[in-house]
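Each of the two complexes below includes chain A, the first together with chain B, the second together with chain C.
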Partner chain A sequence: MEIAAVLNSLEPAAASLNVDQAEAQEQVDSLLYDQRGSDGKFIGPAGSGAFRVSEWEPGKRLVLAANEDYSGGRAFIDSIDIRMGHSAADRLLALELDKADLAEIEPDKARDAAEHGIRLSVSRPDELIALVFFPGRSATQDARTCEAISRSIDRSSIVSFILQRQGEPAGALLPQWSSGTAFLFSTAPDPITAKEISHQISTTTKIVVGYDLADTLEKAMAERIAVDAREAGVALAVEPVTPAERKSGKLDAELVRLRMISSSPRESLVRFVSTLEPLTGLDPSPVPGGASADQLYEIERNILSSYRVVPLVWVPEVYGLSARVRNWTMPPVGGPWPFADVWLEQQQQ
Partner chain B sequence: MTFRTKLFIIFTLALIVSIGLVAVGVTTGARRAFNQLNTLHSEAFVAQFEREFQRSEQDVVHKVQGIADAEGTVRMAIDLSRPQADVSLYVNDARGVAQSHQLDFLDFVSSDGSIISSTEWPARFGYKMTWVTQPQNWALVGSFLMKVDTQNGPALGVMAVSTVRVGDKNLYVVGGERLGKDFLSSLVLPDGMRALLYQNLSAQFDPVNLIDQTGPAFQAERFAPFITQQQQHPAEQLFKISWTRDRASGEVFHALPLLGRQKELLGVLLVGSSQNQVVTLERQIRMLALEVVALGLLFGALMSWWGAARVTEPVRKLAEGARAVSEGNWNTRVDVRGPHEIAELGRSFNRMTQQLAEQRERLLQAERVAAWREVARRLAHELKNPLFPLQTTVENLQRAKSHHPEQFDEVFRESTSILLSEIQNLKDIINRFSDFSKMPQPELSTVNLNDVVRSAAKLFEPQFGALGRPPVTPELHFDEQLPAISGDAALLRRAIENLILNALDAMPAGGVLMLRTTHDDHDVHLEVSDTGTGLTAEECERLFTPYYTTKQHGTGLGLAIVQSIVSDHGGRIWVDSEPGVGTSFHILLPVKPSPHVAPAPPPAAPQPPVVVETEKV
Partner chain C sequence: MVFAISFLAGTGQSQAQIPAPWNEALTSLAEKIVADATPASSLSVSSQNMSSLDQTTTNRIFAELIWEVSRRRGWEAQQQESTTGGPSYLLSKNLSQQLPADANVKVTFSEGADGYVWVAEISRGESQQIEMVSVSKQDTAGMSGGKPWLSLRRNVLWAQSQPLLDFAEEKLTDHPTGMITVLEPNRLATGNLNGGVLTISGTSPLTDIPVARDLRGRLQLSPNGQVTAYIAGSMCIAEPKNASFTCVHEPGKDWPFADGLEAVYVANRNYFAGLLSVPAEPSAAGRPFYSAAILNSGSKGPLILAELEGKSRLYDAANGPPSTFNGWGDDIAFIATSCDSSEHVLVTGVGDWTQPDRIQLYEISRGTATADGEPVEFSGPILALWSSDDAMSARIVSRNLHTGLYEASTVSVSCSN
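Entry: the complex of A and B
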């Protein structure tokens, strides 16, 4: 039995940030029995996964074979053929055409997929999409500009229309289900205040916001942010960029995705802070070990009060499953894919 | 300027004017015709645009109505009419519907004016489109031009609105087509014409908003004044833009304002008609006209020259003939051929000169005969006078020899004395004739005629008051400003002496002899007048003929000599006379032309120009 999966996050080039690559590597590591070098040669045992690498084309294809010696018992399926580098539409199409048993689906396509009869597996919202303003840009030097933009954004409309209700408006760095303090950060738009600030600063320089060229969700969100900012009187242009263009210096801000690495708010916040500080140029905000919820809240508030980081929405992980996939359970936040327990129903000829 | 040249110029000018008028007429007419044609093309294109625009409007209305009538749209309207309807379900519907209906703009708008789904700006969901909810029967409105806000900025669109009503709620379908370069590309343009569209999307003229079918228009800023004028007063307008100094680069534009629902100016259609073909054709016609003119002028000039020569050649020959005749060439003949009047004139001229020559020859012959007769008469007369005493003396000698031998010696002495005297008299007569035949050529020098006249007059002073004859009173009037002349003083004096002598002979009873000198710019004038018996007109005519005399003992050579001297000095002599009153001889001598001749010395003190000296002897 073989499971064919079409995954996006294993493709380093398609990941919006390095964190995704690292996260993906963790997923793979947890599955692997042995470890191989960049040349594909066996290096030595690594991990204690249910599968071992059978074929490996970095960024394109990964074939895993069941580890006969897995301590937890041999997996039900013999192998997993993971193909990477396909667009969201192609992944969905592969699923609909039964060319894949499992595929990542963009949250905004989840409703369509469900209407087309695809089984969905939706996680809790564990990925933050935020607008990050880069330091040293004249257009956003004044924090009030960033504040005006932040206040102008109608996050609920983004969730309703763009995400098709697959997500939550985000006002904090951590989700409510994780920190319990997210409700303290407002997500409601405040166009009146935004306009007032805009009139006060009366800037005419157009702010350029970048988004991942291959990410249609980010594109739609960026365009909506531009509309909201325009209504508030802030000129904002959106610019698709490739990963190589991110550091070109032409962008004033960018949409970034921050995925929680665990359900622990502290661990995720540490990861978020370490990721955001180099991007925003904010002063380090050390997250002490064993920090309380109040301390985490303060750290979040300190970071967000600068308006250099503007949380937008929380989105879940959505997987589409073919009809024959059985015993698939949504992995825990930051946890490995449960391929070891999955089995495939025999198709009737 | 010769007659031929004048005729040539007249012919040529007439030709130039004629051909020029034709060329100008052809060029002007061609230009007018081309301009009219151009205007017709432009108007036809504007009419075509209006038809295309109307067709697009109808097309848009039908498409939007089709979308509103579609099952999916009706289902959407029904769904949205429910309480707590989830509008987010339809956020992406507009794009697909617009593509299937080939619309550039499509919005689904809810009953409260919120945008549910938008093609031109998908991210505007949730925002209000309030104008569409205003009470309006959109079915009656039809299509209209509108400024549409899109993701990439405002654009012009031909729009229509259709309503799907479910219960008390409306779903508005707002759709349209972009009025841009694709629309311009759809227009079929004749060669040399193009269409531009100015999208009036900003308060001031913005060159970026002027497009043609390929994109932003070239040198759009050149249209600024005309667009600004349209923005202030929208109306059809014609104007011309010359892109370079070359007139062929010019382009005539027909500006057609495009108005929105509120009659606001949303765009200006500019139908450009290149002047290149027109100007090129005009130039070709002008070039052809110039070539024709040049050839015509060349041919006309040649023909004019030939015609002028043909007309004037006989006249020139006649003029040369007349000049030759005036110079004394009486045998001159002109060769004028042809049957026309000029030839007849030439033949008449030839007949006239022939007759003149024959008459002159006869006159000369007659004059020669008369002159010889006069010479013979004068010789006979002159010789007869001394011959008679010679004959008488010789007969006295014969008689004395035969009848009175004793007295012969005495008679012989007396007779030989008489014979010698008469022979001397004969010699004198012969010498005078000989002198006349041997008149010397004047030896010219600077001469003051006043001095010559004074000298001559002084010679005759003894005779003016001689005893035994009535006195003659001389009156001398000298022009002291008299310029010098070039002459032979001795010959001139001889001539003046002859005239004075004639005057004295003409006044046997005494009288007044007047000598007067005057001058003008060219000549000096000497008048010798007497108050003698005067001459008849016939005598005046023959007075200067050699050997003609009115005196009892004159040789008739005096005045001939005078005339000869005056003629040799380049002068002229004539006589005025009236019988019983007196005679005046007038001599005109040219003023000396040489610059070396010293002018007469100026008077020491102001004096009257004429001095009258009266001497009574």
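Entry: the complex of A and C
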């Protein structure tokens, strides 16, 4: 029996961050390999895991077949047919038409999907969408400009109206459920102070913020940020960009997505810091091994006090499931897809 | 209603309820708070819970923290109205001066993937500092789970139309015989209780009892059957097998309390002038009070007085200056439990005679009180609350506002794990 899974390859974002591609690869590898070494890398032959590669069309389609000899027990399903490169709308349509058993859904579409009768599996908020200011741009050279923009943003409105409450405002680099200290970072807008700061700066240079051309959520958020910034007296324009255009130099800032690799606050912060430092030109912020909660808090505070990184919202992973999928459990943060334990209910003819 | 919740600082037994690593973390946090708040002379400390720990547990931890901070500065602690969802205290060298706090501390019990995170935000003037400690979740064993869950059980014995001051059940080898002695404003009566109906078999009038608004009385039954009735400033004694009572009218007659303590009842009023000679707690002597709870800490231990200005105070010299509890009613009584060795008091509500009332159980430890379990609700005011001789239960006289009847009840504590 086949399971047809339609997944987004996240290619547009992968080109700029080179992270999500790796994360998708990580997920597939977790199905193909049985063991990890002490360094966390997969070891042994590909296909020693619960599945093996049956067909592979790069960028388009990957078919995994159950490994009959898997040491952990043969998977319930026979194969997984993974289609890539489909838009969010196409993925949703595939679920509605029963042409897919599982598909990743954008958080802002989750409510619509539920209203169309699609089963949803929603994780804890584990992906941060943040506004990142590039170094060396004249428009944002003054940190007060970045601060004015940060203070003007109404995160609660973004969560309520754009995300349809599938997410939460972000004031920190780590979510509350992971660090336990996110509540110490305010998420409330402060338009009065934002205006005061923008008047002090008195700059007319328009700041250009880029967003993923293929990402409707980022588009909506960028436009909302522009409205908030303009009300605070900061001229801000938004521009859709392709992965290739992200490094063209015409952007002063962009929206980026940072997905946690682990529920461990330290591990995720290490990953975030390694991604953000080259983007923002910030001084290195080493995260010590075994860092305590207050050490992690201080690192976050130091990074955020520069206003080069402005957390916006935390969003969950949302998967739509067909009616016949059984035993699906949301994988833990950074954990593998549980396809080996999934089975399909026979549909009555 | 404001609960006079305070937190267990822990006797030897109570410390087992807060794991040692958590105590270490609390001590560390308290030291940081004291250091950051210095040189503030008064501190407002509030709390909120954002973790998966239940409110009772975080209340206990907060109580320990309050005790640690107070102890380091020699401050008194007084509960105040809270806006953060958890208890809030004012700490000061001298609460009677009623000075506003010149520093504020907000304690948040938070939680992350690695464990609990307890955060203190200390604000003094324009400055703010943040301190935090981390504790492992693995140390929760023995916290809430190790403590028995206590609940109050009320047993209504009977109801009558005549005003009732007190009653006593005759017991034979700890079992009620069904014989009841009843103290009313104008008479003593004996009767048989059967099926919720008290059948009076003998009465003796009480004469020359001082007229007083809110007349109060209490009965004592000695093992040999002697009945002693204390009513206002008088004392009446009935010898065994004697159907009549001999009243000795002695103005200002002392009422006996536990541990050999005695108090002078103010004639024509409804309160006591004060305890006579409290060797273990000299500061408690001579303070007027409505009712007292002598804690069972071994001979001459701490005691709580429900004093005349509407506050109750715990006098426990071993644990620092008196602790003040707000929001407690005028009737309090010590009650023992078979659950554990912790100490408990019963406390009535703060309503008047036109309102329903309640009895709440509080656990007392190291200068603090924590509400334990759910209160028992009454359909009218509680008029009298007295510990039984063995302190394993309490006698309650209340008036049912719906029926107008005076109800005689007993309350005891049951425990489960």
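One rule holds for everything that comes next: the second predicted complex is superposed on the first by the 326 of 349 C-alpha atoms of A that agree within 3 Å, B and C clash if a C-alpha of one lies under 4 Å from a C-alpha of the other, contacts with A are read in each partner's own complex, and residues count from 1 in each chain.
By our rule, a contact is a pair of C-beta atoms (placed from the backbone, for glycine too) under 8 Å apart; a residue touches a chain by one contact, two chains touch by 3 or more.
In this text the structure is predicted, and so the values were computed from the model without any measurement.
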item: Clash or fit (per the criteria above) of chain B with chain C on chain A; value: fit
item: Contacts of A:P265 with chain B and chain C, given as first, second, both or neither; value: second
item: Which superposed partner A:F183 touches (first chain B, second chain C, both, neither); value: second
item: Chain B versus chain C as contact partner of A:D154, first or second or both or neither; value: first
item: Minimum C-alpha spacing, chains overlaid - chain B and chain C, in Å; value: 22
item: Shared contact residues on chain A - chain B and chain C; value: none
item: Residues of chain A touching chain B in the complex; value: 111, 154, 157, 160-162, 164-165, 220, 223-224, 226-227, 231
item: For the chain C and chain A complex, residues of the former touching the latter; value: 50-51, 108, 110-117, 119, 121, 130-132, 134
item: Residues of chain B touching chain A in the complex; value: 86-89, 91, 121-127, 151
item: In the complex, chain A residues that touch chain C; value: 176-181, 183-184, 263-266, 292-294, 297
